[in-house]
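Listed below are the structures to be examined.
Shared between the two complexes below is subunit A, which pairs with subunit B and subunit C, respectively.
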Partner chain A sequence: MERSDIYIICIEDEQEVLDAVVRDLEKLEEQFPIETATSAEEAREVIKKLLADGRKIGLIICDHILPGDNGVELLIELHQDEQTHPSRKVLLTGQAGLDDTVRALNQARLHHYIPKPWTRQELMEVAVRLLTDYVIEHEENILPYMSTLDAEKISESIRTRRSISDE
Partner chain B sequence: MILNFAKNWLQDPTRITKQIAKYLEASKAFDVEVLSFDKDDQFFSEGDYNEAVYILLEGTVQLSKKTPNGRNITVDWLRPGALVGLISFVTGEPVLTTAVAASPVKAIKMKEKDFLELQRSRDEAALLAQQLIIGNLIDRYHHVVSVHVELESINETLERERNHLREALKQLEETQHRLISQEKMATLGQLVAGIAHEINNPAAAMLRASDNLLEYLPEIIHKADPDQELHYNKYFRLGLRRVLRDSDQQRQILKEWEKLYPDLPRSLLRKVTSMSDEALEFVKEQIGDKPNALRRAELESMILFYESGYFLRNLQSSTKRIGEIVSSLKSYSRQDKGKYEKADLRDGLNDTLLLLSNRLKKIDVILNFSDIPPIDIITGEVNQVWTNIIINACDAMQDRGELVISCGHDDRYVWVSIKDNGPGIPSSVIREIFKPNFTTKHKNTSFGLGLGLSISQQIIQKHGGKIKARNTDEGGAEFKVYLPL
Partner chain C sequence: MKSGYSGLTPVQLTGLLLGIFGLILPFLLPLGTLSFAGQIGLGIFFMAAIFWMFEPIPIYATSMLVIFLQIILLSSQGPMFMDAKLPTEKPVELQEQTWQIPTRALKDDNTVLVAVEPGKTEAVRVDVIERNGQHVIVRSDELSADKAIVSDTGHRLVNYKPNSYTDYIGTLANPIIILFLGGFMLAEASVKYNLDKNLTRYLLSPFGSKPRFIILGLMLVTAALSAFMSNTATAAMMVTVILPIIAQLEPGDRFKFGLALSIPIAANIGGITTPIGTPPNAIVIAALTEYGKSISFTDWIIVAAPLVIVMLIFSWWLLLALFPPSVDRFNLDLKGKLNLSPKAIGLYVIFGATVLLWVTENMHGIPSSMVAFLPVAALVTGRILGKNDIRNLPWDVLWLMAGGISLGIGMDKTGLAVWMISGFDWGAMGYVTLIIVFGLVAVGMSNFLSNTVTATLLMPLVISLHTSGVMGDNFNLLITGVVIAVACSLAMALPISTPPNAIAMSTGIIRTKDMAKVGVIIGTVGVMLTIIYAIFYWPLVTN
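And then the complex of A and B:
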């Protein structure tokens, strides 16, 4: 499996929980390297470095409450940044404050909202769906992603793209 | 003496009316008659046009008026010497009051013509008539003045009573709010105690299960690797004792290892590199520079054992945490039903802090606890005080800052100080904060009744203690609670 330059960023301040998220997504890592951060500040730096190295951020999974920052604020900020605007964003939360969720949906175009505790299957499904959307929207050659992501959607997309370029 | 001629009438009203009566009787020029009224006979009714004036000789006349609400009230009592119907007679306007005989009455009825004639007569009679009219008017005026004074004093009394009522109503409302709030807390307490109990059982089972695993797994591992050639047990123990690295450092090590072993998958390397530096050296020795498929398979199974150890560690620490939270919940929400018990204030503070830990995530909590003796308190209530003060501090600091909690004691009191580094309490409201319904939180509050500090003060006073608020020199607020030994 060829490793892509599309990264998954996981942000969570409790190491045990962060480990669990990463472990649940490890099947994706062969293709989508995972980077982690335990604070919003660290997340900003990690993302900045990756972008500077010419990598892309495909998916951001962010805890709701982070030391020194609110996950929603971070997601809004990343959404407003041109470079991370296309990244898919997921809020992971132990407490569903409706206000914050609404704000995240509206302002950060939050793509998914996962309440804790989650299941591996649920997290994987969400990640696969969002990464599939991401590569279809932003990648030229999407054939290599068929085996890891949603094969049906990708082949469908390849078909439509071909027919469009044929015309 | 001409100026105070009305005095005559005021001193003895009947003397003049008798003189006038005598004069009228003697003079044949007047067409007047002396009428007798029985009790309750009516002279005229409010709103009538009045064509005569009556000079009251004997008996009492009651003047009454209908209020806008249709009630009849007595306006005045006229006694012998008075003129009945004077104002309406002179002005020609409808009469203001209804006049009724309050007892058998004798009165001279005079028509307009005669009354004018009487005033115009050249002899003493004109003077008598003037004295009679002016005396009557002065009397009415006196009456009006005294009614005003009386009214004013009644108004004052009314106003006083209204203020009393207002105050009483306010207190009732406050009491009601307080009762609702206390009821809410009590219900919440019961709910929490119930939940704590429900969680306690599965949490205990989990802890027991993970304890058992901790015992059995090394035995199983020993059976799989009796000679410790594969170091399974070593890796299991490494996982069990895993110390978390700073994530930046962790990222560096992962990067190095990706360069060292470009053929190994990143997810595997991530797990490997979470081991201690010492263990990593050991791993390097084991797998060599370019691990072949066999070495790689070995590494993968080592990692399985390492991870099992780590998971078990997580299971243990997480269940321990659940246990702590549950026991804090239980002791925090103690259903002590108002019973005083010997308790260490530090325990309640720790319980409260643990339960508020979510709120305190971005706040540095510094504890300066000195040794304090246990004192008699109602734990649940005192914990409510800590909660109120700490939540207020979080609000004031907008959930970011430093919270210093200290305690100590002298020979009379145990004290607890809770200091934040927020903006402090504005001097304009510092005197108000313990009053009920005082709140600075106008929105986004789930419990912003403005009763927190008022209830806190009540609880502390009930315990025979006191609570004080001040702004520190650094600018934050400090709440200090004193509870008697």
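And then the complex of A and C:
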């Protein structure tokens, strides 16, 4: 499996929870490298550095309660930034109140909300679905992603969008 | 196939440098009788072949580049030939049959070129009597005071009459390209209104739920669709049909290999069936038409369909033998229902009428490229396809084919194609050996190269074997061309051989070794069968 330049970013201040998220996504890591951060500030730096190196951010999984700026504020900010606008955004939390959740939906166009506790299967399904949407929308050559992501959806996109033609 | 995620790989970089070197190489080599224009043509040919092999730029980009280089370097309006005029002079008669001519008019083999018409000269033997610097005195009974001779035999217009640049750019409107445009628009509309999926659902239902018949059904439907639509789009659609079936199998079940392989195999073979089935057919038909061997839509089907059917049945048998079904029945759940909106119904009518007119070309005589404008005009007039749909057409494939046709024109007009075949005694090979060799070379090359590119590189040779007459009366241009078209589509041993193979491999279900084993067997058996058809069947149905 060739490593792509599309990254998954996980932001969570509790180390065990962060480890659990990364462990649940390990099947994807071979193709989509995972970077972690424990605060909004650190996340900004990690993302800035990756973008400066020409990498792309495909998926951001963010906890709500973080030291400093909270998760919803970070996601809104990333949504407004041109470079992280296309990234798929997931709020993974047990504590976000209705107000924050509504704000995340309206202003960060949150792609998915996962309440804690989550199951590995649930997290994987969400990650695969969102990354599939991301590569279909933003990648020119989507064949390398077929075996890890949703092959049916990717085939369907080849059919309708003609991203590959006869030669 | 694109390599990696971004940037040029070392292989691509090598290809880029080699290709640029190839463009100038002919001017560094002593190439004997090849004309100046032929050297330019050879450079373009080298560059194109290398770029197509290493893909430092996309293959359609190479095709566009070929056309650009041809209009700049080979056309009568380009800087090379814009103001060029063949230098001629009348010989000066000193005495009867003794002439004074410029030294540069005499070639090394003691011949003089008499200008017959633009782009054509006639070599005349002379006896040299005396050389004095600027002039030579020669004796000949074939020269005359009113026949102009070429005063500089090394000039770039000797034996070359440049084409207008419009001949090269005009390839994009070649009738065969328009035929494909019609097919592409029908396919675009079919996808938009899900006609392809719904047809699949109806066509598959008679095959029941027994695995061996489901595979047969999948292959026949895939082949039938890819005869009129892109092989790639058909394969992508059929992959969405087989993935749910494969999900019903146990993880270790080998039957899934057969299922997943059946799609690309049938898509590749299905493209052979009609002229619009796959781009290599276009390259071959365009070249044949240029030399008066046009083949109608109906005749192509009569020639190709019996081969396609036998190959599909053989491949079906092969897949079942290698990967026998392990379960008794499957649930084939094909969702969706026929779209009955007025626009969709309009599409069905246009689709049906077009295909009917195409396959019955022999009965009414309206050329298929003219019929192709029916869907082009009707689909947009009825607003069945909109502006965005038109932009979504595979223009890259049309340019790829146009560049291929254009390269062929250039190779022929510059004398390059004839020069390339001149070093080898083809006549001694015999016609049957020749078509076997061409078939094997085509299938071998196109396993690694694009099918269209393979046809593009081989057809000029076939054409010059025809025009030069070295093969004698046995040689059948039409049949040799069809052998090449068919063989190009029979290459399916590797993931890179065709886009349908790449799609099937990308699902992660098949192993490369299975694809290679099945692909080599189908390629070999396919070429053998093609030769048998070429010798025994095709002469009966073509003229």
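By our rule, the second predicted complex is superposed on the first by the 161 of 167 C-alpha atoms of A that agree within 3 Å, B and C clash if a C-alpha of one lies under 4 Å from a C-alpha of the other, contacts with A are read in each partner's own complex, and residues count from 1 in each chain.
Simple rule for what comes next: a residue touches a chain if its C-beta (ideal position, glycine included) is under 8 Å from a C-beta of that chain, and two chains touch if they have at least 3 such contacts.
All of these numbers come straight from a predicted model, not from anything done at the bench.
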item: Subunit A as common anchor, with subunit B and subunit C clashing or fitting; value: fit
item: Touching partner for A:E42 - first (subunit B), second (subunit C), both, neither; value: first
item: Which superposed partner A:I65 touches (first subunit B, second subunit C, both, neither); value: first
item: Which superposed partner A:D5 touches (first subunit B, second subunit C, both, neither); value: second
item: Partner chain(s) touched by A:R162 [first = subunit B, second = subunit C, both, neither]; value: second
item: Partner chain(s) touched by A:A151 [first = subunit B, second = subunit C, both, neither]; value: second
item: Partner chain in contact with A:E125 - subunit B first, subunit C second, else both or neither; value: neither
item: Which superposed partner A:N141 touches (first subunit B, second subunit C, both, neither); value: second
item: First (subunit B), second (subunit C), both or neither touched by A:E26; value: first
item: Shortest CA-CA distance in Å separating subunit B from subunit C in the superposed model; value: 17
item: Touching residues on subunit B, where the partner in the complex is subunit A; value: 244, 247-248, 251, 265-267, 270, 310, 314, 317-318, 358, 361-362, 400, 444
item: Sites on subunit A touched by subunit B in the complex; value: 3, 13, 15-16, 19, 22, 26, 29-30, 33-38, 42, 46, 65, 67-69, 95, 99
item: Subunit A-touching residues of subunit C, taken from the complex the two chains share; value: 2, 4-6, 59, 191, 196, 230-233, 236-237, 239-240, 243-244, 271, 278-279, 392-394, 396-397, 400, 450-453, 498-499, 502-503, 506-508
item: Subunit C-facing residues of subunit A, complex; value: 2, 4-5, 54, 140-141, 143-144, 146-148, 151-152, 155-156, 158-162, 164-167
